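In the two assemblies presented below, chain A is common to both, partnered first by chain B and then by chain C.
Now for the complex of A and B:
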């Protein structure tokens, strides 16, 4: 029941937003997303309360028959993994909404309504425990972001957005095919998650289905070489769209690996893990190396994001508890940090009109406060100890190390390369003498300061006190780990 | 492993205060620094002095040979592995605490004068306090991950402070280089930790040691762990081949060079190995590697130091060289001697750097020794204290450097005569370039412009007081470790004995050297040092030579003055290829190959669509025809295939 409310708040808000106008929409969206966050906190306390599992389950999950043939249930619920993703989404949404204040935007009611609709779809993806329902939400999430990018994006938006849309849609269709196959090949003809994790599909077929699902997720995450839609989309989408995409939407892919791939097709996974891991960590180094010479701020962050999520995917496929748990923790950390860097990029581009790091410089002289926030976010991205991404990265690399020590060493190059491209970027953009293109740099607005300060606090909070998050995902990591073994 | 419980100890309060006070200073200065103005310098200094007082309290209250663990909380855990926030207080920690907070306080005090007119005054002290906080975490942690927090944290502060004057991109380059080179080492450290977690399921020092002891001497796992950790140490403590960041790090304000890049941070690698002494004594092969790297570094850096003309660069190469000497000591299993040299070196090298800062201050920012000379007449306190520092580093008795160096040289003589020869040679070079520096700076007559000469002035009391205190320490601190010929009790060794007791049983010490032999060694070392000093005196005072300008250099001396072109080689071998690769990846693979394939798929799809569209012509006749043909085919399939 509580989960249903989590779904309904953004949906209703999205409808109401259509009827509001101007600045009011922004305030309304902010109130709605903050209420959602407050409600999430309540759900978290319910989840953590020392009740019997049945009581908690009764409060959180809901399973209604929807369609009898084919058997589709409206089956939603929350476990540690879902809740983590819900927390991530609901933590970031107010920040993303807040980022739009003090910016001139046209037709705000449609834009914010679409954002809230996307919020709804994202929550839906994370709480669905029925394959079809999950698939509906998965596709639904694509529609608002398509329109957001198309209508409020920058140069070249039509071509770029179309490529993004078709590319991800093609992947999704493969997944749909995979689900259909699963449906016909399970005895119960059910796509409920619990049933799927107990299927007995022979290993000869699992390998084939594995690729159906994996390709869909690999495109969404994205794992190299399925990434070419991403840098362009990130740089042409409006900032709030990029934040939604990079902060939350690509986590759909990573989350789905853990929910719908590993435990459902353990034998297929086991068969292809070495190839996938190799692909992931070649991607990590490949993307990091490209980021080193990038001169476009947003593209640089896009490639750095590819490197980070590649490491998460590699750690997940290491198929051990540390890897899975580290991956989950890192999803939260990466979501926060990537929203931070893209927001910093937006603040810079908004004020200077340039995203080329060679035409920037000396911003620290003009706005020391902004410089401080930015360096904190940069340090979070390079996983300095006591920042949020350190623990995740540590556990991921440890998981990879247990899988294969050389793999960990190779993927560990990201520790060095990450510092190289981030510090190079920071130096060119923020340090040195004031560049002639940047003579004026307005002080931070209240909403900008609020977003950046919140992100900075979150970076340290999760870095110094990671225990609640680790405890939240520990049982589910164990469970996924057990389910991911050949039955 | 069980979850570590929170222990109560009567040392709890002073222990947690030690890192918390500088952290508090950091927070106060960070939030209100602008409003506080020059008060922020005093706040930072007071915090550190209070920390020093707490360290002294621990020194006097920790029972001899004892150790205390103070657990704050569990930082994080997964599976069966627990990583606590916990402090280990034992003699080794206390030694480092006293050095860090003691010398740190003096350098903070000095900075109040040195940075007085800088617009970033309060920011400077914010960073400085943060640095001390991380350095304290580094030496106080009871597990490797705590050490790693400090390890990366001091790296961050080093980055911030080298690039303190951030308008200058050359300084920013130096800062970035320091951070990245350290990160290369940090990857080694990380891998070392992964190995420990994999094999021992813990990162606590004591439990790792137990696990290692179970594996036994020469076990390949321990060799792997120790080598990986040593790579971390090579980065942080500027050893070959990861040393090139340290000379560049001199871009930071001089007190930073004194505190971070001479007295404390760069000795973290030595501390780490001393802390892991049991592991290292179980891995004799790694010790050999350390010995070779240390010896090579000490000579290599000393040779480069011979021809540097920037006063801070000379000191920087001298630091690299001295660190090499410390590693050589560790490599011979003489952990106490390495630590002893850490302590004495901290005093005299901090003194030398601060003295150099005072010179630079007096000369309105001039750092080139070719534009100095004759300063002894003008800035007498600086000169006197600098002289003491120079004598101390040159190994002349009874100054501090003599005792610690002598101990290492004696060990080397026992261990391997070639190593002894090389280390003695390096010490000789040290004495030469240090006195070259002293003479060029303070003797003969002034070679700079009249403008600069006009402004020469002694530094204020707040700067000279730390110099004098450090000078006194540089004289007396060596007496905590008298050689066996002079005394039977080596107080420093005794103090640390509990820390190294176990590795002593693994690596039995050699037999005691005869007193006559020891006298001969001391005589040789001192003789060689005096010889180099005489040579330097002849060259730079009697003949009044000054180093030639850079353009006039030629042959071997040009190669040496250009630091053997190591930076240029690294640039050509690592930096350039990666940049090239980056472009290659983006332009060829990303844009050309991958994207072309993606677009090809789209193109084929649309072409197929175009082709199929032709069938949708709308002619009923065609549809009928297609239907009939299809039925015939289906029938045929039914008849010929199914039956």
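Now for the complex of A and C:
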């Protein structure tokens, strides 16, 4: 029941937002997302990590018939992993809404309505326990972000967003094929998660279906070589769109690996794990090198994001408890940090009109407070101890070490390379002499300060006191680990 | 059967309206009449009967499809009020309306035939009416071309159908589908070669009527040349009627003989999917685009035909409903845009989102439904057809269909991109009240069916 309310708040808010105009709609969206956050906090307090999601109707779950034939249930619920993603989404949404204040945007009511619709779809993806329902939400999440990028995006947006749309939709349709296969090849003819994790599909077929699912997720995450849509889309989408995409939407892919791939097709996963991990590492190194050479601020962050999620995916595919737990924790951390860096990039680009790091410099002198927030976020994303990424990356490295010590070496490389491009970027943009392009740098506005301060606080809060999050994900990591073992 | 008789009466009334000078009231009366027939039609539900010495038989299958056909015709009639506005049109409005009613009669016969003669009569009644309607813009070269081309190719296909019927009659000695079905069941292991040849000829004729590749070449030219409203009729009612008749024919007469035709049907299905979607990519004319999109949709419906042993009629029906409402909404918007901009090219839609955001959003929904993206009915139709085909062991065909859906998304998005990111042209575009209503009703049905498709999944 509580999950249903979590799902309905953004949907209703999205409909109401259509009828409001101007500044009012921003305030309304802020109130809606903050009340959603408050409600999430309440759900978090009543959540007592059950080992398996309740199948029957309970406090957190709801399972009603939707379509009789083929059998599809409206089955939503919360377990540790879902709740973690819901917390991430609901933490970030108020910040993303807040980022739009003090900006001139056309047709705000449609934009915020689409954002809230996206919020609804994202929550839906994370709480669905029926494969078909999950698929619907997965597709639904794509439509609002496509229109946000198409209508409010930057140069070349039509081509870039079309590529993004077709690319991700191609992945989804392959996943649909996978779900059809699972439906007709499980004894119970159902797509409920619990049933799917108990299937007995012959290992000869699991390999093929593994790729159907993996391609969908690899495109969304994105894992190299399926990443080509991402840097362009991130740099041409409006800031709030980029924040939604990088902060939350790409977590859909990582979450889905853990929910719908590893436990459902354990033999297929086991068969192809080495290839996937190799792909992830190639991706990590490749993306890091490009990020080091990159001079465009937004593209640099886009490639850094590819490197970071590549590490998370590799850790998940290490198939041990540390790797899975680290992946989950790191998803939360990365979501917060990436939203932070993209917002900083947007503040800089908005004020100086330039995104080329060679034409920037010395902003610290002009706006010391912004420099402080920015360095905290940068340090957070290079995984300095006491910041939120540290715990996650440490556990990921541990998991990969257990899988293979060479893998851990490569994974360690990401951390080093990450420090190289992030600190180099910070040095060029913020330190040194004031570049002639950056003579005036307006001080932070109240909403910008609020967003950055919240992110900075979150970075330290989860870095210093990660216990609640670790406790939240520990049981579910164990469970996914057990289910991912070859049956 | 009553549905058929009353519809024919409406057609006759249309002709008489000319004499009694009732042209002004004709459309409202016909709309009212169709609405009454629609509700009468529902009474035949679960009430199977045979009529005219086994010539026609009502079944839930025929009732469901008749209901859909009546609904589509109702929408077409409502749209025709603001479509036929020139003086030449007004002179002929009663003829047009009468012919439309007879088209519907043909479709109704195709849903409930139980004798080959009625199948042929139904198809011919439908086709001949359409030949006339396709060429009904007498002073336009393209319309003449469309009518003539459709007539030549269509009569060729009809000849195939007749020849097939004759051969099957020669082997079985009966025109009744029960008789042919009995023969097929009794001789399932050792069928007469002439029977199989007859069956294949009939299948070819039906493939032509549903515009499946490689018999699809008439469709784009005819769709482009015919008046837009008739194009809407052809791509919805006619296609669905042809598929329903195809399904009924194969499921009653040829189920056990289909092994021999399997290769033909699968190749045609795959070719239809790929040709329809690939050629649609390069179209600039919106009507041609919808024609090729219609061909690709024929490919998806062919999936229901090739997996016919698993009785996929519900899936076919759900798909038809989803396809019909989305197409009708798209055509209603397209006709409005054509009228204001004077061009049928996709560039006419440029910047529509800035001029009329609601209309652009509606066309977006229609396009997303046609592309098969949730939560619209088009997605569920596709899903159920795929699911049924999968169950019956056609995984490879489903895979081909999935790949072609991915290709298909491109050209539907082309229209959306034109509306949202191209600079606007100067024409003001505002649909009339009737059109607004039609668009709203169709899209609401699409969304409701998308959210609750359960009503139709186990209908038949």
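List of remarks:
Just so it is clear, the second predicted complex is superposed on the first by the 477 of 487 C-alpha atoms of A that agree within 3 Å, B and C clash if a C-alpha of one lies under 4 Å from a C-alpha of the other, contacts with A are read in each partner's own complex, and residues count from 1 in each chain.
Quick note on the criterion: contacts are C-beta pairs under 8 Å (C-beta built on N, C-alpha and C of every residue); 3 or more make two chains touch, one makes a residue touch a chain.
Just so it is clear, the structure is predicted and the values come from calculations on it, not from any experiment.
Superposition of the two complexes onto chain A shows a clash between chain B and chain C.
By the touch criterion stated above, A:66 is placed in contact with chain C alone, chain B being left untouched.
In the superposition on chain A, A:420 contacts chain B only, with no contact to chain C.
Looking at the shared chain after the overlay, A:140 reaches chain C, while chain B stays out of its contact range.
Looking at the shared chain after the overlay, A:16 reaches neither chain B nor chain C.
Shared-chain residue A:176: touches chain C; no touch with chain B.
Once the two complexes are overlaid on the shared chain, A:322 sits against chain B while remaining clear of chain C. Legend: residue contacts after superposition of the two complexes on their common chain; A:289 is shown touching chain B, with no touch to chain C. In the overlay built on the shared chain, the residue A:362 is in contact with chain B alone; chain C does not reach it. Measured by the number of chain A residues touched, the leading partner among chain B and chain C is B.
By the touch criterion defined above, A:46 lies against neither chain B nor chain C after alignment on the C-alpha atoms of chain A. Residue overlap on chain A between the chain B contacts of one complex and the chain C contacts of the other covers 166. Against chain B, the residues of chain A that register as touching in their complex are 163, 166-167, 225, 227-229, 286, 289-294, 321-322, 325-326, 362, 364-365, 379, 384-386, 391, 394-395, 397-398, 401-402, 405, 408-409, 412-413, 415-416, 419-420, 423-424, 427, 431-433, 466-467, 470, 474. Residues of chain C that touch chain A in their complex: 353, 357, 368, 373-375, 379, 383-384, 386-387, 390-391, 395, 398-399, 402, 405-406, 409-410, 413, 417, 420-422, 452-454, 457-458.
Chain contact summary for the complex, chain B toward chain A: residues 74-79, 145, 148-149, 152-153, 156, 159, 163, 166-169, 172-173, 176, 179-180, 183-184, 186-187, 190-191, 194-195, 197-198, 578-579, 581-583, 585-586, 589-590, 594-595, 598, 602. Across the complex, chain C is touched by residues 66-70, 107, 110, 135-136, 139-140, 143, 147, 150-151, 157-158, 162, 165-166, 169-170, 173-174, 176-177, 180-181, 183-184 of chain A.
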